[in-house]
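Below, chain A partners chain B and then partners chain C, in two separate complexes.
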Partner chain A sequence: MIRLSRGQWAGVALLLLLALFALGVPQVVPGDPTRQSLSNALLPPGGPFLFGTDPFGRDMLLRLAAAVRLSLGIALLTTALAGVIGVALGVLAGACGGWVDRALCGVADTLLALPGLLLVLLLVAIAPGRFWPLYLGVSLVLWVEYFRMTRAAALRIAASPAVEASRLLGFGPFYRFRRHYWPELAPITLTVGAFGSATSVMSVAALGFVNVGVRPPTPELGQMMIELMPYYNEAPLILAQPILVVVLLVLALNLIAGGKTQ
Partner chain B sequence: MIRPILHRVAQALLVALMVGVLTFALMRSLPGDMAWRVAAGRYGYDITDAAVMEQVRQSLALDQPAALALLSWFGDLLRLDLGVSLISELPVVDEIAHQLGASVTLALTALLLSVLLGPPLGVLAGLRPGGGLDRALFALSITLRALPQFVIGLLLIYGLAIVFGLLPASGHGEAGHVVLPALTLAIGLAAVSCRVARDATVAVTTSGYYRFGETKGLRPLDNFLRHGLRNIAVPIVTYLGVQLVYLIEGVVVVETLFAWPGIGHALVHAILARDVPMIQGTALVMGLMFVLLNAGVDVMCGALDPRRRTS
Partner chain C sequence: MTVLIEADGLAVDGLDSIVRPTALRVRAGVPFTILGETGSGKSLLAQAIAGTLPDGLAARGRVRINGRDVLGLSHADKRRHLWGRAIAILPQEPWLALDPTARAASQVWEGFTRILNLPRRAAGAATEQALRSLGLDDAARKLPGQLSGGMAQRVAFVAARAGGAPIVIADEPTKGLDATRRDDAVDLLKTGMGTTGGLLVISHDIAVPKRLGGEVAIMLKGRIIESGPVDQVLSNPRHDYTRRLLAADPAAWPEQPTAPVGDRLIEVEGLAKSRGGRTLFRDLSFTLHRGEIIGVVGPSGCGKSSLGDLLLGVIAPDGGTIRRNSSWPALRFQKVWQDPPAAFAPQLTLRTALGDLVRRHGLAWDRVPPLMDRLGLSTALLDRPPGGISGGELQRFSLLRTLLLDPVFLFADEPTSRLDLITQQEIVGLMRGVARETGCGLLLVSHDHALINRVADRVIAIGPQSDLVSPQLPSSNIASSAAS
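Our next item is the complex of A and B:
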């Protein structure tokens, strides 16, 4: 159904490697990523701690793995939620037309009136340090893109003779969705989903970076950067780790989405 | 020309509505007695007594049902009465008046730099698709797009401010201070706009009317200036509208990173301090800045492409 290009396969491989790292590390190296040990502060990579330690003597290997789990978990949850809602409403708007279409487009336009990160920031302000505003905010931002792309495709598909024939033959809406809509929507959903996951990873990191995201001591990539930034001179290799991981995550997701301009 | 303006006015109203509803929810979700929290924040814990609390309760309509309170909240918003900052006790409007200039300077400098960096390179690459510059630019653009703004900023600080010591790493006041934050935003914007410019150039130079210009004997430069440039500019400017989201989001992050005293910086601080009137004011002004910049892009599109004016 979906044929992946070479670049997309590279993205999938990179993402799998990162997921393996995130899930595998706690199995191999048991320990607590939030456990401090001040006598072991800022150890360089190698030695007893493979990736070194941060200024509080916390194991960077465990912290990075936990942070990648958090980032990917939030990305997966928000894109899945936004995808299901966005695709369902997009098909509904495209296939029904009329006032349903106008109402749903109105909702989408309302959300687009404000830049996404502002909306997430306002929600985070309501309940700082909690997870639900993050999930809700990022999903609210992401579903609009699914909705707009799916709606545009659904409008075209709904007008096709194949769908009309299906309807006249008496097939129900679910059959029509599975047989006519989904095969064309699947590649769009994949692209939008991968872009959306990248947006989610970057938003969560950006919030952590400006200190309003996930609360410490939970390891989070953006927050790790801001914590390590003052030590750029003593421990550049430690500071480079969370930066590299964010870049690899976003790169993998962008590759899956496809190298073209949106 | 009327329809796009009406569209942007509607968008501005929607921004005000969304920011209003969300900050109202924020106000109502403060734990404990809101009147006491606000009064203590405004007048200090020592002199807050029942009478002061009652006064705050009256003035903020906290004793009324939520629907009525929401209406009076919007009444204040319409009169541009954004209230008083809970922290500095200065009117929010005055605080924002200070910061708006800094943010607008940053955003416009970043836009200008990105227009100078991205499209010219993209056009050069598009004139020889598949050439060395095209492939190098493609790889660079893919890499840069995988870098979040704060990473670009960190790398620039490390490279230009720490290793070479060319520019100040953060601060505000001298002309040099704006370069790094603006460059951070501009590089992210240019990474996308150079691809748009490249694709537009390829589309224009392979089109029939461009070929006809060559055939009728125009010199390559004349042909490009007369028939190419404006047609290439239309998609670039249109895409600027999409990029404005990236710009406004970037302003929040980049201002915080570079300690740039603008609205994004103020918004983050207000969220940390739970200063509700400041959150409302800064979010509102940033949203309106987004709408205004979008309107600017609309006007530029109309000026570049006469077909839009008639349809």
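Our next item is the complex of A and C:
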């Protein structure tokens, strides 16, 4: 069983609050986050719009909720994809050893040698404006960490008498994964997964900030920051919102990752 | 005679009372051994005297070291001041206790500079002399990883004594050592004590007080049940537990008749194996029959375990052939490991682990309870994880899970080296019984020659051996394997 520390519970609570915000807002305040209304441009928070409006008069509350949904969705998807690939290959490398291990380590080292964002930019350039290159690119960057952590643990587990006993007693590789490897890998995977999600949120925001990845008018946190940047003087509270949300998201995920997992 | 350590009503309390109020006297020039099994509280008693109890445990009573009441010392710092000056503590398995990144001489040198506050040059000379006195001239410039186990132990001893402490407390100084090195370690402690020093040794091995002499106290479940001069306690034990402990010494086991030989099970011809460029053995030929027990002895790292793994087919030989009787499937060739907790998935309860095994091979769970009965295991243990039961119980479970598969060959790799004597006798007895009754061939690896002499029908000796009385294999095999 995985037991969480106090810090991790704080992270989980913060994450749940953000998810509640992202999913709850559209239920309570119906509306279209992309609908422009230039007469309402840059309204301060409070008044008719709770969180104010952006330069195009779009409702910040709706936009933030949509952006958090998008970020969390991408983080979840990329983390799951990267986790499955990374853990599977890590156990394979650690348990098989030999040329399988060397080949997989070679691939992982090559990927590590490339700057992660460059890889994503490359894929996004192939199919601009689409979501799948973003998912694939971020997953490709993230799986290496799972792979390295899992492989290190799997090497140790594979050499243990318990695994040798399991083999001699006639159990197959899937049984060994379920009973011997996974119970020890689960806490590691959780930690790496939480860190990876944070990285994923940051990457997508960074890509949005340089106007790559998600296309306007779809609300995205990084993109919102760069759109609002010219108005830092007139509407600092509006600009602060997407920044604060990214900070909270990453903080929540890092709290979950950073605690001592048992 | 000077009393160096004097303890009265010394008890250790954690959540409940772990060591009951105990009295002991350690006199100058008379070694004192506390003998007991794992969990008997012997180490805690020594730690209470030294002042190194782990957090959460507290000592009460009275301890005087050199006539000074130390338990009453208000600050831990005052207590700490005694370490290295009044008492030296020799850690378990010294090759793990030495700093792996510092050379031997500098680890000893620290004792002279930091505790005795000698100037650098004088400390250097003292270090050199201390190392030379134990024949460690060559070791001075080496890192602990480059030292042999025996040398590492002597370096740790010199380092512990550098502060000039007259009293030495040694916790399991012979753990993990074979017979020869064990005797060397004991002699080293005895010589180091001299006629004016004090020596308190904690051990589970009867051979230690036998060689050390002096006084011995037998500890069981947190209390000293018997104590006195070694000769008197060991030759004329009063307590039932002491008698059982003495009888459990392999050297005291009754002789067993050799078994009639069954079918051929494994035939080995001209077997050779090397590891890391070193030849472990070559031209090794023998046949293991059903119901037969072959003992394997040899110093650490000589390839005893590799031989068993070769027979199991877990590793491949470098030369020669191994023919396993083809009427039995590979599943019926099984192994029992040295360290029981390492051989089980730590998170599974034993019920789950055994249940998985029963389901995997389409067996009936009905077979488990009678086997548990036979191995003396209570069903309450089934719902605990491997870490929640004793090593002896867990080793019985590892025997049980192999028995579920009706083994024809069992490779037992030092199955009792981590267990105490009485448990060892029970486990080896069970294995022997299984071999004889079910006709299972047993390859028993041990570093304990007395045990192998009593149990094995034949012996394979890897490396030079001298004191074996079991009928050995044709000597040419031993000679050739020993020569390599």
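Throughout what follows, the second predicted complex is superposed on the first by the 258 of 262 C-alpha atoms of A that agree within 3 Å, B and C clash if a C-alpha of one lies under 4 Å from a C-alpha of the other, contacts with A are read in each partner's own complex, and residues count from 1 in each chain.
By definition in this document, a contact is a pair of C-beta atoms (placed from the backbone, for glycine too) under 8 Å apart; a residue touches a chain by one contact, two chains touch by 3 or more.
Owing to the predicted nature of the structure, the values given are computational and were not obtained by experimental measurement.
More residues of chain A are touched by B (comparison of chain B with chain C). In the superposition on chain A, contact is made by A:A162 with chain C only, not with chain B.
When both complexes are overlaid on chain A, the residue A:F171 reaches chain C alone and has no touch with chain B. Contacts of A:P183 after superposition on the shared chain: chain C is touched, whereas chain B is not. In the superposed model, A:L122 makes contact with chain B only, not with chain C.
Once the two complexes are laid over each other on the shared chain, residue contacts for A:L23 go to neither chain B nor chain C.
In the superposition on chain A, A:V246 makes contact with chain B only, while chain C stays out of contact range.
Within the complex formed with chain A, the chain B residues making contact are 11, 14-15, 17-19, 22-23, 25-26, 29, 138, 142-143, 145-151, 154, 158, 162, 192, 195-196, 199, 242, 244-245, 248-249, 252-253, 256-257, 267-268, 271-272, 274, 279, 283, 286-287, 290-291.
Partner chain A is touched in their complex by these residues of chain C: 312, 314, 331, 333-335, 337-339, 342-348, 353, 356-357, 360-361, 398, 401-402, 405. Partner chain B is touched in their complex by these residues of chain A: 109-110, 113-119, 121-128, 202, 205-206, 209-212, 222, 225, 229, 232, 243, 246-247, 250-251, 254, 259, 261-262.
Listing the residues of chain A that touch chain C in their complex gives 160-162, 164-166, 168-171, 175, 179-180, 183-184.
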